[in-house]
Amino acid sequence: MKSYRKELWFNLPNRRQFINITSQVEQCLRESGVKEGMVLCNAMHITSSVFINDDESGLHHDFEVWLEKLAPEKPYAQYHHNGSEDNADAHLKRTVMGREVVVAITEGRLDFGPWEQIFYGEFDGKRRKRVLVKIIGD
Amino acid sequence: MKSYRKELWFNLPNRRQFINITSQVEQCLRESGVKEGMVLCNAMHITSSVFINDDESGLHHDFEVWLEKLAPEKPYAQYHHNGSEDNADAHLKRTVMGREVVVAITEGRLDFGPWEQIFYGEFDGKRRKRVLVKIIGD
Amino acid sequence: MKSYRKELWFNLPNRRQFINITSQVEQCLRESGVKEGMVLCNAMHITSSVFINDDESGLHHDFEVWLEKLAPEKPYAQYHHNGSEDNADAHLKRTVMGREVVVAITEGRLDFGPWEQIFYGEFDGKRRKRVLVKIIGD
């Protein structure tokens, strides 16, 4: 069994932002040499997410509005976590979007449906954070 | 390491519907010959879900009501994604329910607790869509 | 490929409660002898969760308040599932928090970011329930 590991680093200028990382994960897959197996791709921070959805800006706007409705950023004092922090909402938003995705590898490619793309979802940005790509297989 | 891949196809008559696919995944597992490993089962579409929960019709009704409260289908114009589309709510509902499940394989069986069943969750049906079953192990 | 399996049992005194199980999963990893691979850790019950977040009591309070807002326990009669049951809300809360996590194993350790911790999330406690730890790799 082969295994491969890489960290992808981000430093996004906004508190909340989505970045399409599909091509970076595909590059990892090529480097790994794995033809049949699985990719785990997860946020290494508990205020960000890795998720799969559509690369469509209208939908990303809808996600932002919807997450703010489900888990509003402000007022900060509504959350007990926000003593010395102000990012409780980011923990909740990331919970809705998910920490990780597992993607099948078939014949050396990400085994995706027609519109599946992998995103890094940042909910507490303006600092260096990272995603783990771990690949196992043959 | 063995690997196995199969697509399960669906064409559901309703916009939203849950289908128990446990026996189909078990059939895949038998075909794979894998005794120890993992099954990845994921929607290949970004408006549907694969999730694990109870096969109980009252609960499925509760999920429908709850998801409509969290991410209502209408009015369509509330979502920016709904220019030429009308399925923004399906992207959000699938996000709550999840894209994928990973299930342990032990002694050739899905290693489940007493009530765990795998469902395909459709949120934008009335057309052909599919689920990927990928199995790796020995 | 090596594989390892263990059940972790819980009997929590409260209906809802979070337990940090990271050290138990690390113990499983040591027992497995796996150096490179993946850990699947999942609730075996459909009214509980395994998730990764911060071990901070203020945040856990925020999760409790937030989940009660998204999927209130009472009134019981609001849910069709609650005929002979009273735990429909637990199925919904676990859906938000997630059934499972998959964690990379690198050089014999859980490959975690700085604050990642694994929790068992109970939403219908006061009885014996369990978590599955399945490890595959080399």
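All chains are identified by letter, namely A, B and C, in their written order; residue positions are counted from 1 within each chain.
Rule of thumb we're sticking to: a contact is a pair of C-beta atoms (placed from the backbone, for glycine too) under 8 Å apart; a residue touches a chain by one contact, two chains touch by 3 or more.
Quick caveat: nothing in here was measured; it's all calculated off a predicted structure.
In this structure subunit A contacts its sequence twin subunit C using mostly different residue numbers, the overlap staying below half. On superposing C-alpha atoms, the copy subunit B sits rotated by 120° relative to subunit C, to the nearest 5. Separation between the centroids of subunit A and subunit C, computed from CA atoms only, is 20 Å. The set of subunit A residues touching two or more other chains comprises 1, 38, 70, 96, 98, 102, 136. The residues of subunit C lying in touch with subunit A in their complex are 1, 36-38, 51-54, 56-59, 61-63, 66, 70, 96-98, 101-104, 106, 111-116, 136-138. By the touch criterion stated above, subunit C contacts subunit B in their complex at residues 1, 3, 5, 38, 40, 42-46, 70-71, 79-83, 88, 91-92, 95-96, 98-100, 102, 130, 132, 134, 136.
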